[in-house]
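Here the chain labels run A, B, C, D, E and F in written order, and each chain numbers its own residues starting at 1.
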Amino acid sequence: MQTHPAKRVEIIIEEMMESRLCEALLKAGVKGFTVLPVHGGSGRSGHWTRAGQIGRAGGMRAVVCIVRPEALDTLLNAAFSVVERHIGVVSIVDCEVLRAERF
Amino acid sequence: MQTHPAKRVEIIIEEMMESRLCEALLKAGVKGFTVLPVHGGSGRSGHWTRAGQIGRAGGMRAVVCIVRPEALDTLLNAAFSVVERHIGVVSIVDCEVLRAERF
Amino acid sequence: MQTHPAKRVEIIIEEMMESRLCEALLKAGVKGFTVLPVHGGSGRSGHWTRAGQIGRAGGMRAVVCIVRPEALDTLLNAAFSVVERHIGVVSIVDCEVLRAERF
Amino acid sequence: MDLLDLALGNLLSPIILCFALGLFAALARSDLTIPEAVAKGMSIYLLFAIGFKGGVAVDTAGFSGTLVGALLAGVFLSFALPLIAFGLLRVMTALSTLDAAAVAAHYGSISIVTFVAGTSVLDSAGLTYDGWMVAVAAAMEAPAILSALWLVARSGSGRQMDSDLWREILLNGSIVLLVGSFAIGWITGPEGLARIESFIVSPFQGVLCLFLLDMGLVAGRGLRGARGILRPGLLAFGILMPLIGATAGAAAGVGLGLGTGSVMLMMVLGASASYIAVPAAMRVALPEANPSVYLTLSLGVTFPFNLTLGLAIYLAVARMLTGG
Amino acid sequence: MDLLDLALGNLLSPIILCFALGLFAALARSDLTIPEAVAKGMSIYLLFAIGFKGGVAVDTAGFSGTLVGALLAGVFLSFALPLIAFGLLRVMTALSTLDAAAVAAHYGSISIVTFVAGTSVLDSAGLTYDGWMVAVAAAMEAPAILSALWLVARSGSGRQMDSDLWREILLNGSIVLLVGSFAIGWITGPEGLARIESFIVSPFQGVLCLFLLDMGLVAGRGLRGARGILRPGLLAFGILMPLIGATAGAAAGVGLGLGTGSVMLMMVLGASASYIAVPAAMRVALPEANPSVYLTLSLGVTFPFNLTLGLAIYLAVARMLTGG
Amino acid sequence: MDLLDLALGNLLSPIILCFALGLFAALARSDLTIPEAVAKGMSIYLLFAIGFKGGVAVDTAGFSGTLVGALLAGVFLSFALPLIAFGLLRVMTALSTLDAAAVAAHYGSISIVTFVAGTSVLDSAGLTYDGWMVAVAAAMEAPAILSALWLVARSGSGRQMDSDLWREILLNGSIVLLVGSFAIGWITGPEGLARIESFIVSPFQGVLCLFLLDMGLVAGRGLRGARGILRPGLLAFGILMPLIGATAGAAAGVGLGLGTGSVMLMMVLGASASYIAVPAAMRVALPEANPSVYLTLSLGVTFPFNLTLGLAIYLAVARMLTGG
């Protein structure tokens, strides 16, 4: 099956910043992304889980975004402008996709 | 620690098609996969989130499937036959796994 | 944008073992990880989904951990000591990260 | 009480105001949300309660020939209304065959929450209705889907029905729960009801309030994202079609000799459009049809119209026709 | 009322019919599901309500020596029943030591929903029972796990108990909630109950209905996926073992001089098998044991058997033994 | 009834005991958890019910000048208390400007669950209060955030307010739901209440119990993870500040000539610290501030203090001041 090279960017970010990140991505011309719920985690600010929480301050999201290699830099700049002052993690992986025209 | 090369395939697909995709994967001889909930996303059909939805029509799932390199093509053909007419995204990454006999 | 090489380790494990794995990772010096909920899956022990479950025995989690390349082996040993006798899947991918000082 | 009074009374009831609150919150982009699991839990509660009470009512009132007649009329309406809707859409809008067929399916099927809101309007007007009307609602959920698939097949495209699809349509969760709890209510009768009355009867209106709050939120979010889609023709269809469906329902109800309350509910079933069962079926059967069109129309236009103005109109007309 | 009438009356109660509806929906592969969070919420509600009411009952009736005797008897049963179950499994089935021990643990422990269904059968038969029986239920949750670990250790394999595992077994959520709400009910007494009565008493049966609907769905899904596992020997064990457990419970109850209602509940505790606390503990302590075996047996065979036929049998026997 | 009796009576009420149970379970590392969706569902229920009942009370009692005065006093307190808190924090602790400002915002704002627990203490003491106090609560949620941002801006750092942030602060879910259901209660009045009474009135205390169980779990988990953060100075602030806030509330309440019950609630509003709306706003507006500091302090120290001792003190003082 014919596949095409692309980049898979995963951004783990605070729930409160989700809408800002999504808007920034769309403004940067990204064609799509997927938001996954996060159950818990650990980092410099300690360990947390979502169980029984009622506020939105604690939660996080994982945003997965697949783009053409040449669009990576624009995406990273857009993401970084949002993530910069916030906790969160950005990782990039080389991948192959079907139906390249979608990205 | 001894690791072995494998392929990690991630298929983001409509919730309604989840059972069909899973069946197709199993029929194609895949030994296992994991289904993650999706909270929201964006693409050519617009932006959506799951919050407060009551129908099943809107939701999506992320299906992660790790296979031996030689099984990749069968998997992609099986997945593509389901995804073909539907919205959704397929990406493939090279990975290393522990306990290769499981895949 | 400046990126740095790292490793993305994804461990799919039973919910009951989540706290043990997280403790083992922290003890192995990992600086952070993210836990994603899992909706369902399939493997040698059959097909399952979370819908309507009330016990904790059936569920799984996906733990994503990004580390510097040189820390990979310690992480894998720590993870393996927990996963060893349990069902679950460990996969490793080469990735690039922003803000390397965090890992 | 004249039509205006009735409409106003309905508009100022807690359930409609809750819907309006949700709509407002979503349009004002408040971050108010109801968790998906809670919303689903409430819809399961509502289906269970309405089904159970319907079954108990049949047990109390006894089985009658009219019930069979009403079921048949409902199935017929569900098959026939999509054909009318499809014709209208092709004339009034620029939708493709596929999109028009998908939208049409929604209008043949029904919205159980509109039905429930209808019973609650009847309750506050002090009118009774036949308990088995909920069985008619269940019977009308699925046939419309088949009509839509036939419309698409006729035009040469479309997918073949496979057995999975049949099962998904006929055994979808809401039909099974509605019919199942109806049967349980019928079997256990008033004694069964006595045991769970303080769960399914007393808190019912309150749960409905919170559920409509969520429906308002969902409808509002849909409208916000779909300004480009709602062209005048489509909008007009979303208000004209329920009136046509209600007329058909009124004809059936009066033809069968039903009482005022049941005629009104028959009109509500004809007028309301599905937004749970049919969209899910369309994602499997007609994946190329655009979901934002049918969801926006059904949930963002027809549902609010029925809830706010429709119910009052249907009640007034039902009263006029039956002299009730 | 003879046994048959009783069995039929129980079979046609709303809670059993809801379970049957769930079972049917899952076996027919309907897409009806109850969200995990809602199911967990309902189980928290049931545990809280049953514990609280038990505590209030002890406050009203006063503390007694019989209570201590019943607690000790319960703990003893929970330790002893797994040994019997293990012996039977080795004779009747081809399960490995490990799998047999894991299954055995489930049958020494208890199912709180079966217990609740038992109290509801007593209620409709107009019989009373001691409020502190819920404390006996809590006391029987954990000991069986230790018996199973001992059985495995004896055979040379198995994991050493670490302090985490101890904590998880003794402080698992359902024990803490049951014992905690029991204590709260005891402390606050009837005045406390008066304040939350319309939350934990009136809607109880209705919540139980929806919860059993979910249990039916889960059991049905389990059965569908486990046809290969349920060989005749295992199936026979799943029906024989509750009868043995009930006999042991009856002996303890009559020996302690309990009333009809409490003897019946003691039988229910002996007969029922865990499907929440023990499976979770097994995944940590005996991860190599096959979860589909014990979950299918406990939830797919013994739970439905107890619910449909078992409860009626236990009540009839308890009546016979106590002349109640 | 003297202060000690009152404190003890409050400590032994089901709601406080449920909170204690949750705290214990979390500190003992039990795996008891309430699913996030269920916890959120309960908080939506509580907000809806308290708002609705408040609105109905205003409709019954009529609109009054005192209401406007109380609203203005509330807004003033919410603006002013953070300035006091900030000063205290700079003296008593080693927190940075940023962290101190973020903490201060929480103490100007309010905790609706503490408010609800206060009304429930009043109910069991047989005292009445003005229904519109819930509107004062809503009005006090947001102003404190602006004070905190001003404190940071003054020191040169901090982010500029953008329109998104304004919207998020003023239209956050709890404000919209509280004000919205207040308006619906006002519009529909006693007839509206009659329709949903058995949903929002009778089960209220019971839902509050389960919700406080969850709050105990969350607070306990927070405390377990934050031993390093809670130095003596911070701890002392967490208990001193509510007393100062209550004093300010008392002054406002007496100054406006409110009755005993409303003075007590005004004290509760002054004393309580936010842990839902303000933390969320801080994550957007002051992301560099450390969330564990403000969450631990507000939820782990001030909330339990208010719930257990504070409410009894505030009621005793309110009685003394008003001779009620």
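The definition used in the following text is that a residue touches a chain if its C-beta (ideal position, glycine included) is under 8 Å from a C-beta of that chain, and two chains touch if they have at least 3 such contacts.
Quick caveat: nothing in here was measured; it's all calculated off a predicted structure.
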>> Moving step by step between touching chains, how few steps can get you from chain C to chain D?
In response: 2
> What is the minimum number of touch steps required to go from chain B to chain F?
Replying inline: 2
>> Going by the touch criterion stated earlier, list every chain that contacts chain A and also contacts chain C.
In response: B
> Of all chains present, which has the mean Cα position farthest from that of chain C?
Replying inline: D
> If you tally contacting C-beta pairs, which pair wins, D-E or B-D?
Replying inline: D-E
>> What's the farthest chain from chain A if centres are computed as the mean of the Cα atoms?
In response: E
>> For the two copies chain C and chain B, is the contact made of the same residues on each side, with over half of the numbers shared, or of different residues?
In response: different
> Centre to centre, by mean C-alpha position, how many angstrom separate chain C and chain E?
Replying inline: 34
>> I'd like the Å distance between the centres of chain A and chain E, where a centre is the mean of that chain's Cα atoms.
In response: 45
> Taking each chain's centre as its mean C-alpha position, how far apart are chain E and chain F in Å?
Replying inline: 41
> Where does chain C touch two or more other chains at once, residue-wise?
Replying inline: 36-37, 47, 56, 93-94
> Which chain D residues sit where two or more other chains touch them?
Replying inline: 31, 33-38, 40-41, 198, 202-203
>> Strictly by the criterion at the top, what is the full list of touching chain pairs?
In response: A-B, A-C, A-F, B-C, B-D, C-E, D-E, D-F, E-F
> So in the complex, which bits of chain B are touching chain C?
Replying inline: 1, 3, 6, 8, 22, 25-26, 31-37, 61, 64, 66, 93-99, 102
>> Under the definition above, what is the set of chain C residues touching chain B in their complex?
In response: 10, 12, 36-44, 47, 49, 60, 62, 73, 76-77, 80, 83, 89-94
>> Which stretch or stretches of chain E touch chain F in the complex?
In response: 35-38, 40-41, 44-45, 48, 52, 167-168, 171-173, 176-177, 180-181, 183-184, 187-188, 192, 195-196, 198-200, 202-203
> Which residues of chain A touch chain F in the complex?
Replying inline: 14, 16-17, 20, 45-58, 85-87
> Which residues of chain E touch chain C in their complex?
Replying inline: 33-36, 38-40, 43, 159, 164, 214, 217-218, 225-226, 275-277, 279-280, 282-284, 287-288, 290-292, 295
